[in-house]
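Structures incoming, each one as C-alpha cells.
Okay, so subunit A shows up in both of these, paired with subunit B first and subunit C after.
Right after this comes the complex of A and B.
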C-alpha cells in the first residue's frame, strides 16, 4: 500500500505581487513616526514654529508684499533639516548599533529597501515642513492688504532643504558607519553656511540651499531676477541624487535606481547651470525702465483730484495713499488745502536685490514719491513727504527746507494720527521726541532743529482742533521761507523755544 | 597605585581614539579655513568656535565603553577609570588645541587665554555630559545621545541665550570680559558636574 501525498509541499513564503513594496511602505510609516518624534527633530520643529509665529506680522505688519513673504520662509527650515540629518543618520545606523543587522538579513527587506524606507521617512519630514511653510505664507497671503505674487519655487526651498539634509544624512550613514560622522557634518553645516554666505559671489551663492538677499527692498515680482524655479530644480535634483546614491550604496543596484540617479544628476546639473546664468539683458532693460521712466509701466488712479500712480501689483494701495493725502491736506491752510498732488511710486531696481540705493527727490511740481513698502513707519514718512510738497511746491525744494516751515510741515505729517507723538518718534531717525534729529522720507530726509522740535511738541500738546485752527489762521506766514522757529512759536501763540535753531 | 599603572594600557586601548581623531581632524580643517582669505579672517573667532564644537563632539564619545557592564565588578572604582581616560586624552586635547590656535593667523587670533577658557568649558562639558549619561542610565555608549544634546544645546544657546548673560560675544564687544567670567562659571559647573557624575552609585536602578 502506498501513501498518496495529496499535495506537494510548497514553500511557506508567498510572493504576493507588490508585497515588498507594501513592506517598504509599512517600514516607512514606522520610521516616519519614529523620526518625527526624536527629541532633536521635535525641538527643531518647536523652535521653528515658535520663531515663525513670534515673527509673524513683525516684518511687514498688515501690508505684506508676497514676493518678499515667500522668501522669508526659506531660512528657518534649515534648523529642522540639520535635526533631520542627525536623526535619520542615527536611525539608519540603529540596526548596526544594536547588532541586529543579521536578524534583518533573513527578512523580506534587503538593506537597500530599508534605506529606501528611511528615505521615505525624510520625505515625511519634508512634507510636514511644507505644511508649516504653507501655513506661514498663507497667513501673510490672507491679510486683506497683501499685494504682489508669491512664487511656488521660492516656497519649495524650505521643504527641499529638509529633504536635501535628510538624504545627506542617509547617504552618510551608508558611507561612514560611525555615529560621529553626522554630528561633525552638522557642525560643518552650522558654520560653513555662514562662512560661504560671507565669501561667495553672485554665481556660487546659488549653490547653497537658501539664498538670502542683501537688500530689504521690495521690487515688482517681474523685476526680482531670482532664478527661483531653476534653484528649486537644482535642490530637488540634488536631494533625489543623494537619496538614490544612498540606495545604490546600500546594494540596490537596480536599473531603475541607476536611471533615476542619472536623471537626478541631470536635473541637478541643468538647475545648477541655469540658475547661475546671471541677469538677462531684457531684465536689465526692464529694471532700467522701471527706475528711470516708471510712468511707462504704471497705472494711475484719480481720486479727489489727486493722481496715484503705482506699479500694477500695487494698484490696491492707491486707496491707502489717498487716505493719508486727504488727512494731510485737511490740516493744511490756504491754497495747500485744495492742492492736488501726483503720488508717484518709485523704485531703484537697477541693482536688483543686491543693494539699496537712495531715491533722488523729484523736481516736477506737486509730485510726491512713495516707496514699495507700506504700514508702520512708512506711513508717517510718506505723510511727511506729502506735507513737504504741499508747503514747498516740489520734492527737491521740500528736502532742502531748513527753517521754521518744518513746524507746520511736521504738524501736517503727524497731526492727524491717533497718537501723533508716537508717529513723530517713528518718523525720526533716532526714535526721539526731543532735541534735534533727522526725519526720514521716501527720498532724502529732513532735519529738525531742537527749537523746531520744542515748538512742534507744544503744538501737539494743544487740543487737536485748537492747534489745527491756529496753524490754518497763520498758514501764509508759517509757510513763508526763512521763518524762524521763534517766529513760528509767536504766530502760534506758543512759548518761545529755548533750544538751538540752526540746521546742520 | 600599582594597579592603576597596570590599567593604563588596557584603558588606552578602549579609548575611542578613532572618533576623537576624526573630530580633531574636522576641527583642524575648520581652523585652517581661517587662512583662506580676508572674509575667512574676519570669521576667525566663529571658525575657531566651530572647531571647538567639533572636537567637543569627539570628546563626548570618550566614555563609550562596550565592556562597561563587565568591568563594573573590577576592584578599581569608576572615578579612577574615568579619571584615567580623561588623563589619557588631556595631552592629546592640549596638543590639538595648540595646533588649532597656531593655524589661525596671529593678527586675527582671539585673546588666547579667553578662547582657551571657552574651549576648556566646552570640552569639560562634553565629557561631563557623557559622565552624567553613564551615571544616570545603563547605556554602554553614551556618546551618540550626548552629541545630540551637545549640538542641540549649542544651537539653542546661540539662538536664544539672553543677551544679559551673553556667552558668544565678538572680540571687540565690551561684554567680552564679563562673558569670560561667565565662561569660567560654565567651566566650574561642568567640572563639578563631571566629578559628581563620575561617582558610581551604590545600587543600580532596577527597572520594574
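Right after this comes the complex of A and C.
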C-alpha cells in the first residue's frame, strides 16, 4: 500500500494579503457595534444628550461666548467614558468569564490582535462622542448672538476622555483578570477626581482629563491661558499609551507596537510637562492691561450719542447693550432722559478664569460697566447699573445709594421689561420680590430695603404708562439724595410703605 | 489513500505524568475515532494536534503544514475546526453572532461572504430557525450545535471534535452523529469519544489510546476482529473472564480467554476495545 502525504494547501478565502489586519478591522467593527449597544453606554449617551439639550434650552444660553462653550462640552463625556471603561473591560474579559479562552486560543487571530480590535472599538465610541460634542458646540456657534472663538483642542477633550477611559478599561482587563476591578477603578477614579477637583495647584489639576474652572469668569480668548493644545496632546498620548501597553500585555510584543508605545509615552510627557508650565509673562502682562486699561485694547461704537466700548470679540454685543440703555433712558425724566452714557466692558483677568472678585465701580461720570456675559439675569443687572449712573452720575455714587432713589432706579431697571416682576426677582440676589434684598450689578450691588421694595411693587402694579408718567412728573424730587421710601410713595401717589427702610 | 494529518513520536509530560508517550499516527479524509479510558491522553493529543498545546517532543503536520513554526501554526489554524470537550459560550451573543465572531477570528474578513457562510453553517447544524436567539436561551443540545457550527465555519480541512456527544440525549446524539458523518465527507475528522457505538456508526478508522500511548490503529472491523473467539456466553459469571456482565436474556457475556467448549459469541467493537485495553495493561471497566 502506498501512503501519500498531502502537500501544503492554501485557503483562497482566508489567505488574502493583509488578512490579519483586515480581520482586526472586521473584529473592531463587530466589537464597536456591541460596545455602542451596551446598556451602560446607551444610558450614558442618553443622559449626555438629555443634559445637553436641557442646557441648550436655558435663556442664558442665547448669548454664548464660544471660548466658554467649548469647555462646556468636556464634563458630560466623562459619564460616557466611565460607561465605556466598564463595557470595554467586560468585553475584553468576555472569553475568560465564559470559558472560551481555550477554544479561541487555536483560532487564527491571536489575543493581542483581539485586544487591538477592542482598542479600535473604543475609537468608535470616541468618534460618536466627537459627533455629540460637535453638535453641542455647533448649536452654540450657530446662535445669532454667539461671540468669541472656540478651541479645537478644548473640543477634543471630551472624545479623548472617552478614548482614555476606554483604553484604561482595556489595559485593566489585561492586568487584572477580574470583572470587579473595573468598578473599583471607577470608584478610585472618582475619589481621585474629587481630590484633585478641590486643589488649586495648577500643575496637578491638569493631570485630570477635564479641567473645570471653579468660577464662571468669561475672558477674551487670548487671555484664557489654558494650555488646551498641550492638554489634548497629553490626553491623546496617555490614551494611546494605555492602549498600546494593553496590546503588549496581551502578547503583541512587536517592534511597531513597542515603538508606538515609546512615541505615546513621549507625547504624554511632552504634553504633561508643557501643560504644567504656567502662564507666560506676555499673558500676565496682557491680562493686566485688559484689566487696568481696557480702553487700550477695546474698540468703541457710538449710537444715539452713547458710546459702547468692548473687547474685540464682543463687538456685535454693542447693539444689545444699546437697546437696554435706550429703554432705560426712555423711562427716565429730567436731563437723565437725554443723558449720553459710555458703556465700558470690563473684566478682572489678573487671576485668569479662576478670578471671581467683583469689579470695583467706576468713578468716571456717566460711564457704566458691562461684563463679558449676557442674557438671562445679566440684562436686568446691567439695566440697574445704567439706571444708577443716570440717577447718581457715576457708578461709585450709584453703588452707595441708600435711600428712596432706589425706587426710580429700579423702575428704570425693570419697568421696560415685558415681565417687570420677573426681572425684579432675577436681579435680586435671593430671587425674592418682597422684603429687603441685594440687587446685583456688574460691579458692587445695591441694597434695597423692604419699604423701597413695597413702593416699587406698588409702582409696578400700575399701568406702565401711568407709572412712567408719575415717575417723570416727580423726577427731580424722586432722584434727590436723602429722599425716603415713604416720601417717594407719597410723590408717586402710592400707599405708604409699612416695612423697614434702613440700609443694612 | 492520502494522509492529511501525520504525527510521529509526540510526547508530553505534565509534571511527573506522561500524558503522551511517543504517539505516532496517520489520519486520512473521513472520520477517525479516538477511543480510550479517562486519562488515556485523548484530550491532550487533540489539543496538541489543534495547536493549543505544544508537545515536548515529536512532530506532526496538518494538511502539509508544520505547526512547529509560527507561520506553519497559523496555516494549520487557518484549516482547523476545533470543538473542545467543554466549549464555552458568550451567553448574550445570538447563535449567529457567536459563529460570526468565530468566523472573524478565523480571518474571514469579507462581511457579505462571511455572513453567507455563517448562515450556511447554522443551516447545516439545524439552527437556521434560532440563529437570532441568544445563546443563554438555547437548550444544551442546541448550544452544542452552535459549538459544532463554529468549528465548521470556514470549511476547515481538519476537524477536531472532543467528546461532542457527551451530555446529549439519545435523539440529540443521533442528530449529532448525522452532522459528524456529513462533516466527515471530504475532510479529516478526529473524533474523541467514550461511545464505541459512535465509532462503530461513524468512523472508517479508529485509534485506541491508553496511558498516553497508541494501543491500536486500524479500521473498526480490525478492532472488532481482535475479539474474535474471545467472547462467550455462560450461565454464571466466568471467574477467568477479563470482564463479564449479565445480559438482558439472563446469561453472562464474558470477554477474555474462553474455557474449552465455551459457547462463543459474535464480538462487537466494544469487545475488541476492552480486550485491546486489557492487552495494554489498562484497567478494564465493564
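By our rule, the second predicted complex is superposed on the first by the 484 of 504 C-alpha atoms of A that agree within 3 Å, B and C clash if a C-alpha of one lies under 4 Å from a C-alpha of the other, contacts with A are read in each partner's own complex, and residues count from 1 in each chain.
FYI, a contact is a pair of C-beta atoms (placed from the backbone, for glycine too) under 8 Å apart; a residue touches a chain by one contact, two chains touch by 3 or more.
Computed from a prediction, not measured in an experiment: that's the story for all the values here.
Looking at the shared chain after the overlay, A:94 reaches subunit C, while subunit B stays out of its contact range. In the superposition on chain A, contact is made by A:114 with subunit C only, not with subunit B. In the superposed model, A:26 makes contact with subunit C only, not with subunit B. Subunit A has more of its residues touched by C than by the other of subunit B and subunit C.
In the superposition on chain A, contact is made by A:102 with subunit C only, not with subunit B.
Residue contacts after overlaying the shared chain place A:86 against subunit B, while subunit C stays out of touching range. Within the superposed three-chain model, A:349 lies out of touch with both subunit B and subunit C [touch as defined at top]. Across the two superposed structures, the residue set of subunit A contacted by subunit B and also by subunit C is empty.
On subunit B, the positions that touch subunit A within their shared complex are 18-19, 22-23, 26, 30, 33, 37, 39-40, 42-43, 46-47, 49-50, 53-54, 57-58, 61, 141, 143-144, 147-148, 150-152, 154-156, 159.
Only residues 1-4, 6, 26, 50-52, 61, 63-65, 74-75, 77-80, 82, 84, 86-91, 100-102, 104-111, 113-114, 154-155, 157 of subunit C touch subunit A when the two sit together in their complex. Interface residues of subunit A, counted against subunit B in their complex, comprise 39-40, 43, 47, 79, 82-83, 86, 90, 97, 178-181, 183-184, 186-188, 190-191, 194-195, 198-199.
Residue ranges of subunit A in contact with subunit C, taken from their complex: 3-9, 11, 13-16, 19-20, 22-23, 25-27, 30, 94-95, 98-109, 114.
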